[in-house]
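Some structures to go through are shown next.
Two complexes come next, and they have one chain in common, chain A, joined by chain B in the first and chain C in the second.
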Partner chain A sequence: MVTLDLHGYGWMLWRGLGLTILVGLGAMALAVTFGLLGAWGKLSRYRAARGLAGTYTTVIRGVPELILILLVYYGVPTLIQDLAARAGHDLRVDLNPFVAGIATIGLIYGAFATEVFRGAFQAVPRDQVEAARAFGMGRALMLRRILLPQMWRFALPGLGNVWMVLIKATALISVIQLEELMRSADIAARATRLPFTFFFAASLFYLGITIVSMVIQGRIESWSYRGAQRG
Partner chain B sequence: MDLAIVWESLPRLLEGAVLTLEITFVSLLAGLCLAVPVAIARLSHRRILWMPAYGYMLYFRGTPLLVQLFLVYYGSGQFQPLLDQAGVWFLFREAYFCAVLTLTLNTAAYTAEILRGAIIAVPRGEIEAARSVGMSGLLLYRRIILPKAFRLALPAYTNEAVFLLQATSLVSIITLLDLTGVARIIVARSFEPYKLYIAAGLIYLVITYTFVLVSRRLELRLSGHRREQPVGGVGSASGR
Partner chain C sequence: MTPDAGPREAALRVTNLHKAFGSLDVLRGVSLAAHEHDVIAVMGASGSGKSTLLRCINLLDIPDAGEVHVGGELIHMGFDRRGQRTPADPRQVDRIRTRLGMVFQRFNLWSHMTVLQNIVEAPIRVLGVPRRRAMEQADHLLRKVGLYDKRDDFPAYLSGGQEQRAAIARALAMEPEVLLLDEPTSALDPELVGEVLKVIDDLAAEGRTMLIVTHEIGFARAVSSRTIFLHQGMVSEQGPSRQVLDEPRSERFRQFLSGGDWGRSALTTPSQSGENESP
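Up next is the complex of A and B:
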């Protein structure tokens, strides 16, 4: 067994891992929110909502994450400054990389979550919706009592996928200088001149997150099917 | 809004887009060649074959592409004497080589997983029929399993190609002047971030959907005589 000598920089990687998980969880919460909104838009009766949700997923899936991160972190503050300057105000806006990172990753993976939720809503059997209508349930009550509780079961595998891709995407936030796992490994690699050692160690941390996530996903899925027939 | 900077930079952005396309196609092709034997090894019953294939696929699908890119580009420096001795150090000094190597290894792992699913989905009856006329081993794979599996895998593979196209933007981080790299350099000089990043984003958007349109056509043509059941949904998250 080969052991990795981290030259006293191990703590930095662990701290980076903590920040990576924090950013990942924050972005995932945002992605679920955007995903529910997006799915609601895509399945809406209103043309404008469908168009807006369609544009959202189309644009996000056609543009690289790195471009979107750079656009949010560097582009949005200058855009605001330019607009303020035109209105005659001298404004200096700086985005916090932590906030910008969560917002961008959440926005990107919200588009993927949108597709997951749309599929999940449509997977709830139509006759249950019809039965609820026959009982005289309104749209909101039907959503709360019939659709949402059952939709989660169909959405879980897809959401698990989104999470596993999302947590790897957080590595990109290192380009806007947030000291998460990737950036910490980079700093340690430069200081010790042992790039392979530290990037390999970082990759094992990411692999660990992936494997743990796979195990947890399996548990949650079997839990969500308790009391339901597997067909 | 003053868009002069975008028009001025357009030729250079398009030059960057050419490099983006080049890196994408080279890596896709090399990745596909690597993915076929890996997928077959993964499905083998022999430990010596499936275990390395499983480990390779788990590692490259379970870690971020950026880490893999840094491991190859910066990490190789740690083994300079060794690589020098082997006479390949001059390759690892080149960002282009490191980028293509990493993207190839990465996409091959995802493609092998797609192919694995497609090979499993080949109807048993067709394989049994082939066996009954005495086909086995490589011949069976070449004549029956792979042609069918490729057709089944096409929709998922189109997705993978789109993800790879977008993933190539990471090569700008190791100094290559692809579409993203060009945009970043112009931004650093002109400090007009949103105009240039939006322009670059639009070019990516056009490339992506042109590609999707073409491959949809191809899919329809290849399955025109009878509609195949596609493997994996379009738009399922399988990125990095």
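Up next is the complex of A and C:
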């Protein structure tokens, strides 16, 4: 029987795991928000909204995540300081890596969620919308009562996918000194000179998150399918 | 006294309705008036514009020209920025739609809601009826259409006939002035047609004002007070149903009636039902 000897660094990995989950959940909430807004923009009657949403998904999906993370964490404060200096103010801006991490990952995966939601909205059968209109529902009411609840059915498989990729992408924010799972494993590996042990342990943690996620996703999907016969 | 000179406004008046899809003229000047308690059967071959007529009345399709009055109120039309004809006031359209109960060919029940939720949804959210009262009314309607025991089922678990009866209950829950039924039995298996026609027949006996697009000739004869025959987007024949259906004047209508009667109507005699509903 092989056991992983973590040389007293186990608590650090657990703490990192907690932080990773926290960042993941926060970023996912943000991604869902951006995704809904993005899908709304893409399906809008207004050209400006469509253009804005299109630019968002094109730019975000076209630039590597790592660059975006560094850009937000190091670039944005510098930009603000430079602008302030030009206006004659001496300003020191530091982004909290936790907040910056959530914001960046949320922004990036919001672009992917946008496409998921766009497809999901379009997958809701036309006759459901027609019935809503025929009963005098306005746009907002129809969106809230008919479109959103039905859209989830089509969105959840895609969102589950976004979540899986997102949770792994949180490892990237180890570069901005946030001691999430990846960085904790890195610190422990360097201190003990046991890279295999700690990176292997960390990978098991990530795998654990995704397996639990899959189970939860299955539950949520069955709930979203209430009323529908599954094939 | 002719109907047009009556003291009361028609429940529904359609004047010179035109609608084209691309180069296809579907409606070419259709006019009709439904007075209170009128049951009007709209017949015609497929492509004659029957469904489009119904959809233009509650503006699911926007007519290119013509007027629709509901209970004397004109639906105001205007033009959008691109010059497309569009309702001048979307809120007026929403309001008018609540007064026109729509029953779709394919039911269009909201699939994420139970039968009961389908029925109370629009009364509560659109009309602002208190939940308790909406539920009581829904239960009453469910008994009426014989679906009380299915109230907590989702539409996907109902038969087509049950779905359509639920859809009729949903339309009735709005207490509409006029019911629009778009081929309510066309999507049903033959053995399920009767149960839906029975419900509609009961509504006619109650004196509901209805516009029914239907292929069921026997049913139209038994239930409707007037029949309109559409041909190529125009009213080609109309009058009291018995008269029009028994003595069609045009060759086209005669052909339609002989070829279109599938001889499986559940109601071939005038109904005596609807007198005392069992609870």
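What we mean here is this: the second predicted complex is superposed on the first by the 229 of 231 C-alpha atoms of A that agree within 3 Å, B and C clash if a C-alpha of one lies under 4 Å from a C-alpha of the other, contacts with A are read in each partner's own complex, and residues count from 1 in each chain.
We adopt the following convention: a contact is a pair of C-beta atoms (placed from the backbone, for glycine too) under 8 Å apart; a residue touches a chain by one contact, two chains touch by 3 or more.
Just so it is clear, the model here is predicted, and its values are computed rather than measured.
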| item | value |
| --- | --- |
| Touched partner set for A:91, first chain B, second chain C, both or neither | neither |
| Touching partner for A:228 - first (chain B), second (chain C), both, neither | second |
| Contacts of A:83 with chain B and chain C, given as first, second, both or neither | neither |
| Which superposed partner A:210 touches (first chain B, second chain C, both, neither) | first |
| In the superposition, chain B vs chain C on chain A residues touched | B |
| Chain B versus chain C as contact partner of A:123, first or second or both or neither | neither |
| First (chain B), second (chain C), both or neither touched by A:74 | first |
| Contacts of A:145 with chain B and chain C, given as first, second, both or neither | second |
| Chain A - residues contacting chain C, complex | 125, 127-128, 130-138, 141, 145-146, 149-150, 153, 226-229 |
| Partner chain A, residues of chain B touching it in the complex | 58-59, 61-68, 70-71, 74-79, 162, 166-170, 172-173, 180, 183-184, 187, 191-194, 197-198, 200-201, 204-205, 208-209, 233, 235-240 |
| Sites on chain C touched by chain A in the complex | 58, 60, 90-91, 94-98, 100, 102, 104, 106, 108-114, 121-122, 125-126, 154-157, 170, 174 |
| Contacting residues of chain A [partner chain B, same complex] | 57-59, 61-68, 70-71, 74-76, 78-79, 109, 112, 115-116, 119, 158, 161-162, 165, 168-172, 174-175, 182, 185-186, 189, 194-197, 199-200, 202-203, 206-207, 210-211 |
